[in-house]
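In the two assemblies presented below, chain A is common to both, partnered first by chain B and then by chain C.
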Partner chain A sequence: MATVGESRITYDARGLAEPDAAVPMISTIEGEKAEFDAKELTTRQINLELRWLLYEQRVKDVTVLNPSAKHSLGVGILTRCRLTFVGSLGYFGLGLIDGPEVHVGGRVGWSVCENMMSGVVVIDGNAGSLTGAAIRGGDLVVKGQVGARTGIDQKGGTIIVLGSAGSMTGFMMQRGRMIILGDVGPGLGDSMYDGTIYVGGKVKALGIDCVPGEWTDADSELVERKFGIYGLGSPPELQKFVCGKQLYNYDVLEPSERKLVL
Partner chain B sequence: MSTAERHIQIDAETLAGHRFPYQEDIALVEDVDLLAATPGGDINWLEDVGLLEEEGVPAVFDRYSNSFLKIYFPIPGGREDEIARKVLVKHLQSGNSYGIQLKAKHAKFPQPELGPWVEESKTVGTDWKAPVLEGWEKPAGH
Partner chain C sequence: MCGIAGVIYRNGSRAVGRDMTRMLQSMKHRGPDSTGYALYGPVTELVIMRYTLADANDPRDFEFAERLRRSNREVEARLAELGAEIVESEQETEYAFRLAFRYDGELKTIADFVEDIPRCEVLSLGRSLEIVKDLGDAESVAHQYRLDGFEGTHAIGHVRMATESDVDISGAHPYWAYPFSDVAVVHNGQLTNYWQWKRRLERAGHRFQSMCDSEIIAVYLAEKLANGSSFEEAMRESLDDLDGVFTYIAVTADALGVAKDEMAAKPLVLYEGDDLVALASEEIAIRAILDREIDTYDPYEREVLVWQR
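The block that comes next holds the complex of A and B.
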């Protein structure tokens, strides 16, 4: 009988069964470019190889073959570089990055680019829920659909989704921008403090304190610039949503709380 | 919390113990190339950085040290955000952000000291050891 579900997984997707911190050093390096096959490597080994290439070998452009949807790949990369994953990533991929320009040639699981500080991530397929959770800066482009709570707690950056988004998109958004070309589920922008959400399709229901905003020249400039950078053609007509500021209490925030959203 | 305590917690120059020249002279930041300093086809993360005010003084927020960096020179009208971004990038590229200074001792895994702001900066965090408090011993049973 064919194996199904988790029983098909022949590796430890969480990387917990890899106590060996030895860098595999299996890459083919040519000048500033490198490539390696991740098929037989664990999560920890893949990330060790990436850091070794980028920080010690001073490689600027890495291609990872067969990422096989393993979790937590490419996390904590803190330098300018180009990364290409030929295939899909599991959950929590590319979290905490600061600087890389990444192309994922497949799908990604939950929480891709969680807490991303800067950089560019382009995903060819779909992304799971919590896409760009707590993102603080940079561009995240998903060419497929995204799940629920995309951009939850977003504190900066721009999330662009060419498909549709699930429920509670932009929940507790604090800063930044989100451009969703497809439809959006219920609870859009629920309890958002600030930031801007642009939607091209239908919005099932707005969340608490999320209201339509007035379109300005700055909105047109932003959308056209991002569409130009990512070769997305002419932008469609978009609706703009912002915080109604009925729940807005920044004036009485303590200084330490104020900094959390800067 | 007293005013003095609050000031110590959020002011970059207090963390460093001194002001930096680029806080006082616009000429020192005019040549900062914001596009070159950021990933992608525009100014990327700097889009979310703008001129703010701290304790009545124009300032830019440095998220890498959780502190404000005050700007003391006159800022030309219409260039507020641009100048704030240039001061911040100069601060980061100079290695003066307090968070960067902590890296050498406290980074737990290898990473470039000057992050994504400067190419070829040295790698820190290759030999992290847990700090030991002098005279402290593990409780029995641990």
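The block that comes next holds the complex of A and C.
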């Protein structure tokens, strides 16, 4: 029981409050490599263990067994390192990372790599909606399918999807590249500002202000290079889509000037 | 936010009450206000009716317990008046009850006659379906209603973060598709043409027990089924008729289906195995009942998927 004047957290709606969580320190460490089993650990304990290994034990290569689709794993890792998740991640995994090379052996939930700054993330399975939302740099490779709104607000980097993508892919994209080898749902590149989207399959419908772009040697060079890096073989024939820049926000005329034009 | 879940076993019955509790408890963070279950046991010759005579939040005045006793006697009397023979009678909580009875007539007549008693709400009525819902998380509701021992073939469940209506039992999911027996719905999202459909369905003679927009889906499906649509057709038509963002799971005595709106703005993760199909707002819910590595995926926009037993 809490005594008078003592504050105590009794309930947290998200079920995530772990104010007293300590680093589990359960990893097997061998030189610059470490491995630990996350099956019985909470999200906070897993992330504390990762940080302890990477920042305090100077480990460079961590393998996490049984992540069990827990949410928010590996978020905010800001150092060059190698992470391997043997299994699946839940929502919001690997957000805000800057530098790591990550391999996820299973699938990931919504919003993986949100705001990723740099590094490489390779996902063997499917990914949920909002994959790579607002990423600013690095490469994100999904070998399965992705959900809706992949690369929403993308500001840089490259997203590669070997399967199909859902609706509103590249919604409000600002910069960077996206390569989708499968089909894409309706609203591709809706309201995009800039950036390039390559699609190998069928496009259900283009979004507002998304138009076919002219293929150049630079496009071929980029796609071939990325396919080479990730061992994806020869790239298939792709369609290119860019911003048409016809939306109202590209109209630079003042109201008085517009009157004169009209 | 809310969390929804469903499970259907491909062969036979299993501890579906326990499985659904595990799924829902793992998504407690998506909605701590209330938890609800629609559980399907083996089809019986008896009609099973679950009902409440007060809400969990109702003020307890001196008359409260006596009023509920009177109301429950009235429920049983009205069933007898309609020719039903009560076989089992259980009081689950001070305000929630379960009756099993023999009855060959129209179930709508029963529901209407019983709900005419003040504060009485029929949660479910059918030969397989049992809806249980109350305030609190899954473990507390399962404990209160002793759901761990419930054996069945399929189930859906819901954890609620109330946004469109009050935190009470009538606002909790699942919703029974009155007056269709054995049909229920759980929903994650918001319907923006709620009033339009509510007025339209009320004019068609349907009753609403809550101010929750999700109830529309259950009643909408009931209307479509009454007009001859199949379960899957009704769900497909809902994609055009319902406006807003939604992912919902609907169930009948022998099928479970999911529908996702064209924005695909509400999550759903799906696992199809040899032994069962499980789906939930978050993968951790599916993993709560499967202790092995699994391959899951998210259905796309405007998808309707139905699994038949």
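Miscellaneous remarks
Assume the second predicted complex is superposed on the first by the 230 of 262 C-alpha atoms of A that agree within 3 Å, B and C clash if a C-alpha of one lies under 4 Å from a C-alpha of the other, contacts with A are read in each partner's own complex, and residues count from 1 in each chain.
Keep this in mind: contacts are C-beta pairs under 8 Å (C-beta built on N, C-alpha and C of every residue); 3 or more make two chains touch, one makes a residue touch a chain.
For clarity, every value in this text was computed on a predicted model and none was experimentally measured.
Overlay on chain A: chain B and chain C fit together in the combined arrangement.
Contacts of A:G90 after superposition on the shared chain: chain C is touched, whereas chain B is not.
Contacts of A:A34 after superposition on the shared chain: neither chain B nor chain C is touched.
When both complexes are overlaid on chain A, the residue A:G166 reaches chain C alone and has no touch with chain B. Of the two partner chains placed by the overlay, neither chain B nor chain C lies in contact with A:V199.
Within the superposed three-chain model, A:G109 lies in touch with chain C and out of touch with chain B [touch as defined at top].
Using the contact criterion defined above for the overlaid structures, shared-chain residue A:R175 touches chain B, although it does not reach chain C. Once the two complexes are laid over each other on the shared chain, residue contacts for A:V184 go to neither chain B nor chain C.
The gap separating chain B from chain C in the superposed three-chain model is 25 Å, by closest C-alpha atoms. Residue overlap on chain A between the chain B contacts of one complex and the chain C contacts of the other is empty. Taken together, the chain C residues at the contact with chain A in this complex read 28-29, 32, 262-265, 267, 269, 282-284, 286-287, 293-298, 300-301. Of all the residues in chain A, the ones that touch chain C in their complex are 13-16, 68-71, 87-88, 90-91, 106-107, 109-110, 125-126, 128-129, 144-145, 147-149, 166-168, 185-186. On chain A, the positions that touch chain B within their shared complex are 51, 55-56, 58, 76, 78-80, 98-101, 117-120, 136-139, 155-158, 175-176, 225-226, 228-229, 254-256, 259, 262. Contacts from chain B toward chain A in the complex involve residues 1, 6, 9-10, 38-42, 44-48, 52, 61, 63, 66, 109-112, 115-116, 119-120, 123.
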